[in-house]
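Pasting a structure below so you can have a look.
Should a chain be cited, it is by its letter among A, B, C, D, E, F, G, H, I, J, K and L, assigned in written order, with residues numbered from 1 in that chain.
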Amino acid sequence: MSSASQVNQKTVLVIHGPNLNLLGQRDPGQYGHMTLAEINKDLADRATVLGITLDVFQSNHEGAILDRIHQGIHNSHGLIINPGGFTHTSVALRDALDVYSHPAIEVHLSNIFKREPFRHHSYVSSVVTGTICGLGAQGYLLALEAVAQQSQSEK
Amino acid sequence: MSSASQVNQKTVLVIHGPNLNLLGQRDPGQYGHMTLAEINKDLADRATVLGITLDVFQSNHEGAILDRIHQGIHNSHGLIINPGGFTHTSVALRDALDVYSHPAIEVHLSNIFKREPFRHHSYVSSVVTGTICGLGAQGYLLALEAVAQQSQSEK
Amino acid sequence: MSSASQVNQKTVLVIHGPNLNLLGQRDPGQYGHMTLAEINKDLADRATVLGITLDVFQSNHEGAILDRIHQGIHNSHGLIINPGGFTHTSVALRDALDVYSHPAIEVHLSNIFKREPFRHHSYVSSVVTGTICGLGAQGYLLALEAVAQQSQSEK
Amino acid sequence: MSSASQVNQKTVLVIHGPNLNLLGQRDPGQYGHMTLAEINKDLADRATVLGITLDVFQSNHEGAILDRIHQGIHNSHGLIINPGGFTHTSVALRDALDVYSHPAIEVHLSNIFKREPFRHHSYVSSVVTGTICGLGAQGYLLALEAVAQQSQSEK
Amino acid sequence: MSSASQVNQKTVLVIHGPNLNLLGQRDPGQYGHMTLAEINKDLADRATVLGITLDVFQSNHEGAILDRIHQGIHNSHGLIINPGGFTHTSVALRDALDVYSHPAIEVHLSNIFKREPFRHHSYVSSVVTGTICGLGAQGYLLALEAVAQQSQSEK
Amino acid sequence: MSSASQVNQKTVLVIHGPNLNLLGQRDPGQYGHMTLAEINKDLADRATVLGITLDVFQSNHEGAILDRIHQGIHNSHGLIINPGGFTHTSVALRDALDVYSHPAIEVHLSNIFKREPFRHHSYVSSVVTGTICGLGAQGYLLALEAVAQQSQSEK
Amino acid sequence: MSSASQVNQKTVLVIHGPNLNLLGQRDPGQYGHMTLAEINKDLADRATVLGITLDVFQSNHEGAILDRIHQGIHNSHGLIINPGGFTHTSVALRDALDVYSHPAIEVHLSNIFKREPFRHHSYVSSVVTGTICGLGAQGYLLALEAVAQQSQSEK
Amino acid sequence: MSSASQVNQKTVLVIHGPNLNLLGQRDPGQYGHMTLAEINKDLADRATVLGITLDVFQSNHEGAILDRIHQGIHNSHGLIINPGGFTHTSVALRDALDVYSHPAIEVHLSNIFKREPFRHHSYVSSVVTGTICGLGAQGYLLALEAVAQQSQSEK
Amino acid sequence: MSSASQVNQKTVLVIHGPNLNLLGQRDPGQYGHMTLAEINKDLADRATVLGITLDVFQSNHEGAILDRIHQGIHNSHGLIINPGGFTHTSVALRDALDVYSHPAIEVHLSNIFKREPFRHHSYVSSVVTGTICGLGAQGYLLALEAVAQQSQSEK
Amino acid sequence: MSSASQVNQKTVLVIHGPNLNLLGQRDPGQYGHMTLAEINKDLADRATVLGITLDVFQSNHEGAILDRIHQGIHNSHGLIINPGGFTHTSVALRDALDVYSHPAIEVHLSNIFKREPFRHHSYVSSVVTGTICGLGAQGYLLALEAVAQQSQSEK
Amino acid sequence: MSSASQVNQKTVLVIHGPNLNLLGQRDPGQYGHMTLAEINKDLADRATVLGITLDVFQSNHEGAILDRIHQGIHNSHGLIINPGGFTHTSVALRDALDVYSHPAIEVHLSNIFKREPFRHHSYVSSVVTGTICGLGAQGYLLALEAVAQQSQSEK
Amino acid sequence: MSSASQVNQKTVLVIHGPNLNLLGQRDPGQYGHMTLAEINKDLADRATVLGITLDVFQSNHEGAILDRIHQGIHNSHGLIINPGGFTHTSVALRDALDVYSHPAIEVHLSNIFKREPFRHHSYVSSVVTGTICGLGAQGYLLALEAVAQQSQSEK
């Protein structure tokens, strides 16, 4: 736990898209009862175990998310993103993720394929490494494991 | 007109979406000659009559509108929104309105069904209480009456 | 309230389309508990206040509705129509309304955008002045106010 | 590690669909260099750690896979399936999985959203608990973790 | 009831497609509480009354069903088939039924038109004599009566 | 066979839609050689056997059929309808049948799925109890048996 | 011009569909300035020249038009129909015309292919002998000539 | 019949598109038994009666037809065109006809709406004055009458 | 090999459509390295063996190809055509081939189903005897064998 | 013709899909009068001439066909397949053929482009070397020649 | 300006497609008032400045344009084409341009995206270097500059 | 170069949309090697030559771009915009540009018609003056020339 070892740690950028700040109060049947703070706490615990530094960010602003991904090109080694409603409408988000060259995983809490048709198409799925959906908050933890392992083999 | 009575007043959030700040100079044949300030003035007068407090907001930033709806979940009793061009493209806006549990009415100044095909579909219509369109500035006043009555019966 | 003043009153034609005679017994979750007689009573009360003469008509026959609209071209100053199931299937109804040159408003009790996809398209919306939907029986009253004001400015 | 403890172990059914017996020789750029035997070996090792009994099955016969899922309704506690080409064409497979009431996860080695359009739609996604795709052989291990945790909370 | 009279009896082939072996445990709200054995018992009783020999078959294997229809071309006089999920996906099943020249009736327990859109199209309907759907287990008995009468007039 | 027993008989409303008055002279290859009078005679004979009172009606007027279904809500216990060309175009008919709460069966003489594509979709199928199609005039008799049995279990 | 020669005259049924009673006051840019009475006068004059008896009918009721076509099967030798808005929505009208076995011509005053997309498809065109559109009131006269000649060759 | 009167005659350009030179030997059930020479003879006779000069042209070359229409802008007063297969595929033909400012009528021998779906759409219909289809060779003669009358009123 | 025997030889028309004159220099990965002259040489050699007279033609002009097919109706006994880009756009070409009553085979050098979607549909395939595609220059030779055999059985 | 030379012979796998065992009794107008045994006899004769060993297989079971293609990867040098109804529905078959790296040709007896629309698309065409369709039983022989030549050049 | 320097000049082929010879008289609101001769004059002046030799060609014949592009492969260094109506319908034109390996620019005088939907798709855009549209006659001059610069860097 | 002359200079607003700040590091095969700073430098140099003042702006925030266009209505004389990913998804951007009444040109560095289908449609193209695409960084310079000339003629 010395600063030297920290210097060598990988940094993973975690981005929560629009409306995810409402977790816990928004349609619990669909999204579960955990708040975003609780999910971030679980992610932080798992990151400690895996020896990974987390950089967590939530915004309802598409432009702010684009800016953060751009920064992450240089100061992160992997990315986890739940794009929320931007999943289905933002070509700009797709373009930003397409430039991001490290492992990147798209996460959805709910099974988007059980919902309205307009949620079945993602602009993001075809430019990220992979997708995990419908596994609730655990989906984030599995994504973190996957990024950890894949960015390991990039070294 | 005492402050005590004001404490008991219902608050209605009024949101004007992108480009609506241009009202009066943008295509008057389609949108009329009234400016946004004039519409807001009429709304304020009618609110006084109905004993309602208004919270009016205009922005061209989708994220800023989402933030404001989120705040409105706790500090308003009804909502009127003219989502402008976001009507047809924003799933994130739809998701935010879906969480909003008080009466909510979508207003369009022009009759969107008389315009280009891409304006005929609204992501918002199926998650709000109702829609008023094509009645010009009066549409806002009718929406205010509807919200006033419906939030009354929520008490 | 002299007969002379009545001569100057505007007449508004109110048309209830197919199956609306069943209101109150048909799916109250969707259409509410009011009967058509109760709705017409509320409309009559509001018309008195606004100084308007009402001409109310219900039919399950498309042809009978067309005939009535044709008559209304000459003996009414505004029109409110809930076209029921004809909304989505009748080009002939659209053509009749297109000839009607006074203010005309389409009303739906339920929010048709929350229902089956075939109810999302209206042949009527693009030839009327405006549309009010999802506000239940109050929608009729708001429509009456709008017609009253708009036919005023036609004078 | 006594047989008594094994009696209490959960059983997870793992089904590999058509053509997956060819792994290692089929398009390694798309599916990786691991053979199915190697993937099954990794799954067995992880199962031992998680205290889970695996029941692994591969077939190119749709009917044989349906039979196996039917049996699994009574003698398994979770299911992982890579339906291969049946993903996009089999309503019968969807129906069988819809009856299966324990946690079930769909896995794809490749990112099906980066491939031909007919691979973008899955009949299976909307009847399983969740989907993991594009993470290669690691996807199976993450699925096993998710099933283990979810069937735990079913107890 | 002598064997001689049996020699003259018509034989009707009854084919139950994939997942129908699960009847009784699969979604009773959709498919009812009767098991396949109970349905077959009712069919057998009605066949005795009508003087018909039944040949009943269930399989989850598309190829096995094709083989059976091929055999039935020569050793049956009518056919009842509930193709289950193959209804919507199998051109091969359609081709096999197209060769079958005796009366053939497609049966569905549930009303497929009240379900997901992909169940609204049947490859089979346009090559059989007729279709009965949405009448539950009784649908099989009505189909048997229809085949009995129609194969009578073929004699 | 006393009038008292008749009082207890169930009444079944039989509705023949547009152009069915032409049966016998319209395309016999598609619709058979029986006239509507002959079909009604067969239905009457079968009704006598089943102890059912029939109420038979044919019209080319959509509105007249809606009126009759509305009356049938209160004075019938079951309904059989061949909606003819209205099958594919009338949302108003669908709405009327949706209010009808007793068993209701849609009948088509011809196999509509073997005909033009615009005949493959029925607005009615998803709001009735079930559908029988392609079995010619016998389809009416089978429908009568089904309504008889189903209204029996409603008692 | 003796009554004897009149007995031998062919009768042509002329049907004007919904809203055509409004000709002259409805959108003259689209439909011209002639009234329906003037068109019928011109038709009568031309019929006299051609030695044809006319039977002219206008209705806004689809059912009434179907009834009239049914009668015309036996008491006319040719048919001219401008189905108005029913052109694009009525399968029942198509079915009625399909039974009509004499020459039948569809006429449209305006060029429907220059108007809204939903007017580009006609349910009627593929079951009549031919179509004349966009030639204004003259289209009726040309249709009368064509029917006269074609029914001549039927004799 | 003096050369002076001829100078004042209107000239009508008649264009027969690709494959029409084969008339008489191509599918007589669809196109009739008359040859193109016979049709042109009938047109010439009628033109004499109407006092019109004809300019007749047939080509299988799209470019040659465009050239001829261009010339016709200056040296004709009306146009009749049967565009054959170019009807459904040539935007260039549409553009040429759009420049042509005199009366122009599209003619089809067969009823194109009774044939393959790709023949149901015409690029030409919305830029000509009107369309006559399905009336065989008589269609040309009716077109000639219509052009004669319409170019008369242009004078 | 006497001139007398040649008189009895069958003639096969070979048509190469637009851009095929560029073979050898156009995208050899798609079309191979052979020039059109080399392909014609191979066809000539094979024709000699089969006792067939060839009539070979290349053009970039659709009209010229139509003219040639028209001539071939009378002076050829079979036809091989590679329609190039006209395959996907020319209804006129389809119409010409539909009149051609001898065996006709469509050939494509490349596998058009592996290329852009707009090349997957052929207007020609459904009016010729058969299609050979994706077999390179050998496809022409196989087509010649097929035409030779099929025109033999026409005799 | 010694066994040594046979050892060097190429082996071609010939697969006949579902319902092809019915050839001769199934719709001879579409598929011809030859039985499958006769077709296989002709293939065997041609194979002897070409010095090729045939391995012929027919099955109605998709899974059995997949198994056979998998085996053929190692013990054949070319493949001819008539996938019957699986052509249009099986992604799994497509995937198996995509792994097969030797020359492979898809054969259809009938011209699938002249039949129902759902037969116009093949999942197989874009992963095989080429396609021959509409040439009846001769199509198999031409395919054998093509495979023979192409596998020659692979040596 | 010696002939030697001319030998080194680049040649740019300028192709004007169908109907462009009508410029100036065709819909000036859409295409401007300049004639084609005036546009060619401006191009010639700019070419002189840029030291480029122009080869200008207009035709209404698709085949003639293909021939010219084929010649241009060897005797030009760049190409500017306004394909007119062929833009939207000619795969053959696309194929010809795809072989052309020098810089090629598609020009449209009007903004095709403001016009009918069928003008929004170009077969040509995806095989040329770039597109300039909506800038009127200046578009040609900008295209010439771009070709000049790009062919410079090819040297 | 006096301030007086500058006062008279036209101002052109140049807007670079989302992700364009990454130019040079994002997919150089698609977008070239120039950075945004280098492009802006070239634009500035050309502006100096043309006597134009530039106002350059880049943002990943849709709202910020809308704000800037609104300001530009009053303080610019022309506009060049590369909307990046917003091109295909932003109706709000379209609405803002629709209000902008000076010359406006859409620029794309890459040829968007050679890329994914969802990039082929632009919401912006039909409300700007014109479009230049696929000409790399030079496209900006040509756009500047066009704006300069067009705003000149506005004076």
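A few comments on the model shown:
In the analysis below, contacts are C-beta pairs under 8 Å (C-beta built on N, C-alpha and C of every residue); 3 or more make two chains touch, one makes a residue touch a chain.
No experiment lies behind these values; they were computed from the predicted model shown.
Chains making contact with chain C as well as with chain D: none in this assembly. Because chain H and chain I share one sequence, their contact can be compared position by position; here under half of the interface residue numbers appear on both sides.
Look at where the CA atoms of chain A average out and do the same for chain G: the two points lie 66 Å apart.
Chain E and chain G have centres, each the mean of its CA atoms, that are 48 Å apart. Chain E and chain L have Cα centroids lying 66 Å from one another. Between chain A and chain C the centroid-to-centroid distance comes to 50 Å (mean Cα coordinates, whole Å). Residue positions 61-64, 89 of chain J each touch two or more of the other chains. Applying the touch criterion to all chain pairs gives A-B, A-D, A-L, B-C, B-L, C-F, C-G, D-E, D-J, E-F, E-J, F-G, G-H, H-I, H-K, I-J, I-K, K-L. Of all residues in chain G, those touching chain F in their complex are 61-64, 66-67, 70, 73, 89-96, 98-99, 123. Residues 105, 111, 113-114, 120-122, 125-126, 128-135, 138-139, 142, 145-146, 149-150 of chain E are the ones that touch chain F when the two sit in their complex.
Looking at the complex, you find that chain D touches chain J at residues 17-19, 21-22, 25-27, 59-64, 84-89, 118-119.
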